[in-house]
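The following blocks contain the structures, represented as structure tokens.
One chain, chain A, links the two complexes that follow: it is found with chain B in the first and with chain C in the second.
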Partner chain A sequence: MPVTSVSPQTWWTIFRISLEERLVYRADFALGTLMRFIPIVTQVLLWQAIFEALKGDDVAGYQYNDIVAYYLLVLVGRAFSSMPNLSEGIAQQIRDGQIKKFLIQPIDLIEFLLITRVAHKVVYYGIAIGPFALVFFLCRGFFSGWPDAITLAGYATSLVLAFLLGFFLEAFIGLIGFWFLEVSSLLFMYMLINYFLSGHMFPLAMLPEPWASIAQAIPLQYLAYFPTQVFLGKIQGEMLAWGLTIQLAWVICFAILCRIAMHYGVRRYSAFGG
Partner chain B sequence: MSESPPSYTRVLAVLARNSFVRDMNFRGNFLIEVITAMFWMTMMVSFYLLIFQFANEIGEDTGWTKYRFFVFLATTMIINGLMQAFVLPNAAEFSELIRLGNLDFALVKPIDTQFFISFQRVNWSGYANIGCGIALMIYSLIHLSHTPSWLEMSLFAIYIACGLGILYSLVICLASTSVWMGRNQSLYNFWFYITTFSRYPMEIYRGPLGEPLRLIFTFMIPIMIAINVPAQIMAKGLEGAEWELAVFGLFATMACLAISRWIFSLAISAYRSASS
Partner chain C sequence: MAIIEINGLSKTYSVYHKREGIAASIRGLFHRQYRSVHAVRQIDLQVNEGEFVAFLGPNGAGKTTTLKLLSGVIHPTEGTASVMGYVPWQRQIGYRRRFSLVMGQKNQLWWDLPAQESFRLHQQIYRIERPVFEKTLDELVELLNLQGLLGQPVRELSLGERMKMELVASLLHSPKVLFLDEPTIGLDVVAQHNVQGFLRHYQQQRNITIMLTSHYMKDVVALCRRVVIITGGRIMYDGSLSGIIDQFGGHKLLTLQFSDEAPVDLKNFGELVEVQSPRAKLRVDRSSVTTVLGQILSKYNLVDVSVEEPPLEEVIAEVFASVNGTHEAELNKQQVLSNASD
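== the complex of A and B ==
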């Protein structure tokens, strides 16, 4: 198994090729990004209707404006942490034997995928910034202003860590393909749980016990809920530092799990065909 | 060679049986898809159970109280299940048939091409959603202490069929564009995102943002009718349903089916085989 560290020159070459590859479909990409905001419209209207018939003063500490801001910020979090086709791609490479090239060439699969994913995300943000800026400008009334510099720095850090956590978590699921070959069902289950427990569907503060404790204990909240809470100023000071530390620990944990899965996976792997 | 027209019912039965045999070859996958459908239903119900801890109904004076709203949710599941079982796998396949030139094989078959393209594959695991939807509906109706009359149940079935007709028309129109575009992944995403408007009671579409959306998705692209009308009949009874909307729904369904047929015919006449 090659464990060669990739040189900066190779990093740059892979990054550039992935960047160009991604830019080929830029119009489709921009259209797809804009369409992602459509469900937000129904969420805004749904929550408006819920707040009209509210029993108390708020929903788990959220006012109507906070909820809308929450859903908008969750989209930003998901833009960093979601990894479309990563797990399926790895499992497919294992299944059809393409993974062989990473076993004989001096480049590491996980590093290669990380570089290409960074390139894809850079293109994504480059194109998506237009639709995002437009929607956030139109919805600026739902926000109470810009947070302070420390909160912004914490938010930026949590987004970068959310990207890394999302990458290593989904790469790990893909590497399970060494044992099961087909991981699509497993991945679908993961995506459902992720949708629910990452805070994508609703603010996790709404959860009753024991679900609230379970959501706190697992890493999924760091993919969307935690960064959003940081921006909204609901996690500050020591809690913010502690939260970022735990998020980093989960990143390291899944990076190690990926290495272990890769190490034992390639020993198990049998290549067929020409 | 016989010139008699084919029996569409028999062809449909054969296609459904073939699909069932294929699905049963992957029993593990089938089972997981069923479990996933149940899991999704549990998640959706859990989400709205949480919502109803904080609110009495969805929208003030809309009448969409907890169990009535669950009837709405159940109707959504039934219609989505039917779409997943019959329509969506075929629409996805249609695009690939065009791209690879395999539509030729469908065109030469002595049967209506739109029928064959639309129903050649049945995804049986879609029935899991339908089953979950029916279970949720029965559970909700018990809690509402409402036993639907035969008329209500018949109208519900008719408007479910209308809803399917409307959504099917939209899918077939979008799928037909593959002939001109080659591949249209974004348009399928467009279908998924656009139908999110149909998944909520139309009463929530209020104000400067909601009102135009309600008008567009009721009268121009009538997807809001697809779920709202049958759900209103079942949840609120005949006296709670909006009759003008129900009558409009019948005409809208016929218009949608006619327009989709026209667009499909245009697409087929513009089709040029690919590959060799």
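== the complex of A and C ==
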């Protein structure tokens, strides 16, 4: 499968057009973005009730403040690693034949999707940064202060890698559409497992065995749990460097899997719906 | 030298064969039956540079599959093909920069944005120099009468305007070879006429090679000197438009104007097509036209008589019908005839 070498100017054009497209339905997009903050309130209230019932005991080393801080940071991680509509979009394009555009034109599908996704995220952050800043300001009491520069740099790197991992992982699921055509059930399973094993629901330290070991062995923790632990200073020094290396390795692994799926998928492709 | 060369090209699809009913659906969860559909069988074809070739055939004849094979979208089951020296399904970037495929109503434009944004993206991905891009765009916009529409979101354009925009997008990089799959499908007569006029002018001006599939005979008559008829995945005919009538038009049409009422026994002379007394139209076997005409002239008084070739679309519909047989062919015949009368 030939891969195009897209020039920076092409990247910029795709980025700019995606940005413009994203801003067409601005009201819907803004509303959708703001709605994502509603679960914060319910989650905080839930943990408040749990800790009141525990009367001062901790849960797997987490106090109420730690949990709220953890949950807020997980939201940031998810804002980078979640890829709404990526898998379904790819499978849909395979099903209805629209994907042939990328087989005919001198542009690489995965590269194109990556650029458009960066544009979508930029628009999302542009809208969400206000509410995020407000929520973090209101909840500043739950944090024990700003981490040092190295931790912050590690955190920023882990977020970028979380974005790339989320992208390649979900793109890979979408490309399975070359074989299954419909991937919604597969995606539902992935989302369900992801919800627990990425640390979205609760810190992975709370998981019993064998789930704790499973969570450690698979890449999902790098989507939300790992960046959060980095920010909270629970992973530092050599452990941080090692963690980032493993995270990068997973990114490369899924990028390669995407290429393989694309290569064999296109051979299998019969141009359905075309 | 041929710019497109196809030798023994075949494509067989494996299609899930589902039986009717809920029980069959449940059985299908565990055991699926597949059947082979031979979309294209052992096709040989050479197209020279600058030719405008029409691919005609009933639905499912293999026309679109052939274009998909030549565009590199799908791999063949067997056979070889070369377009401008490239093997299409290797999808080399050099090849992708030099051809275009337009599939009627398949959108390559960004739906929510003005077409000019999509064109700008094409400029980048095809690496078209800015002055060349602007000159080509101006020329295409003028030829297709699209002034003032470039800044309008694509979703707000009419079907005809969208099709024209698709054509602009596919021609911005000045492809040497263009594959057109039903470029006028769904368009009204005026829009069809505009697109035909544009394609004719553009092809003559640039001397590009075009392969076109269409159900509209008017497209074919207006644009192509060479016609390839494909049915059941096989090439049935390859030659000029008029040659189709010579090869497949086994009959002629006699229009007879009687001095009195049209006689009732006309069906003894041939197939009665239409009677509007005192006028009648008779379909007669090509070899017996003179004999039949002599018999009628000796028996009745005629005011006027004319002998015509059957309409092209009727002959083509019969070719389709002779291959497909049965009901489906009859449907195709109706489709060709109704499209021709649009």
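Quick notes on this one:
Throughout what follows, the second predicted complex is superposed on the first by the 266 of 274 C-alpha atoms of A that agree within 3 Å, B and C clash if a C-alpha of one lies under 4 Å from a C-alpha of the other, contacts with A are read in each partner's own complex, and residues count from 1 in each chain.
Going forward, contacts are C-beta pairs under 8 Å (C-beta built on N, C-alpha and C of every residue); 3 or more make two chains touch, one makes a residue touch a chain.
All of these numbers come straight from a predicted model, not from anything done at the bench.
Three-chain overlay on chain A, with chain B and chain C fitting side by side and no clash.
In the superposition on chain A, A:129 contacts neither chain B nor chain C.
Of the two partner chains, neither chain B nor chain C is touched by A:160. By the touch criterion defined above, A:138 reaches neither chain B nor chain C. In the overlay built on the shared chain, the residue A:32 is in contact with chain B alone; chain C does not reach it.
In the superposed model, A:55 makes contact with chain B only, not with chain C. When the two complexes are overlaid on their common chain A, residue A:106 makes contact with chain C while staying clear of chain B. Between the C-alpha centres of chain B and chain C, as viewed from that of chain A, the superposed structures give an angle of 90°, to the nearest 10. Once both structures are fitted on chain A, no C-alpha atom of chain B lies closer than 6 Å to one of chain C.
For chain A in complex with chain B, the touching residues are 28, 31-32, 35-36, 38-39, 41-42, 44-46, 48-56, 59-60, 185, 188-189, 192, 195-196, 201-202, 206-208. By the touch criterion given at the top, residues 1-2, 4, 6-7, 9-10, 13-14, 17, 20-21, 24-25, 97-98, 100-101, 103-107, 267, 269-271, 274 of chain A touch chain C in their complex.
Of all residues in chain C, those touching chain A in their complex are 13, 64, 68, 71-75, 90-93, 96-97, 99-101, 103, 106-108, 110, 112-113, 117-118, 120-127, 153.
By the touch rule above, chain B contacts chain A in their complex via residues 29, 32-33, 36, 39-40, 43, 46-47, 50-51, 54-60, 62, 185-186, 189-190, 193-194, 196-197, 199-200, 203-207, 209-210, 213.
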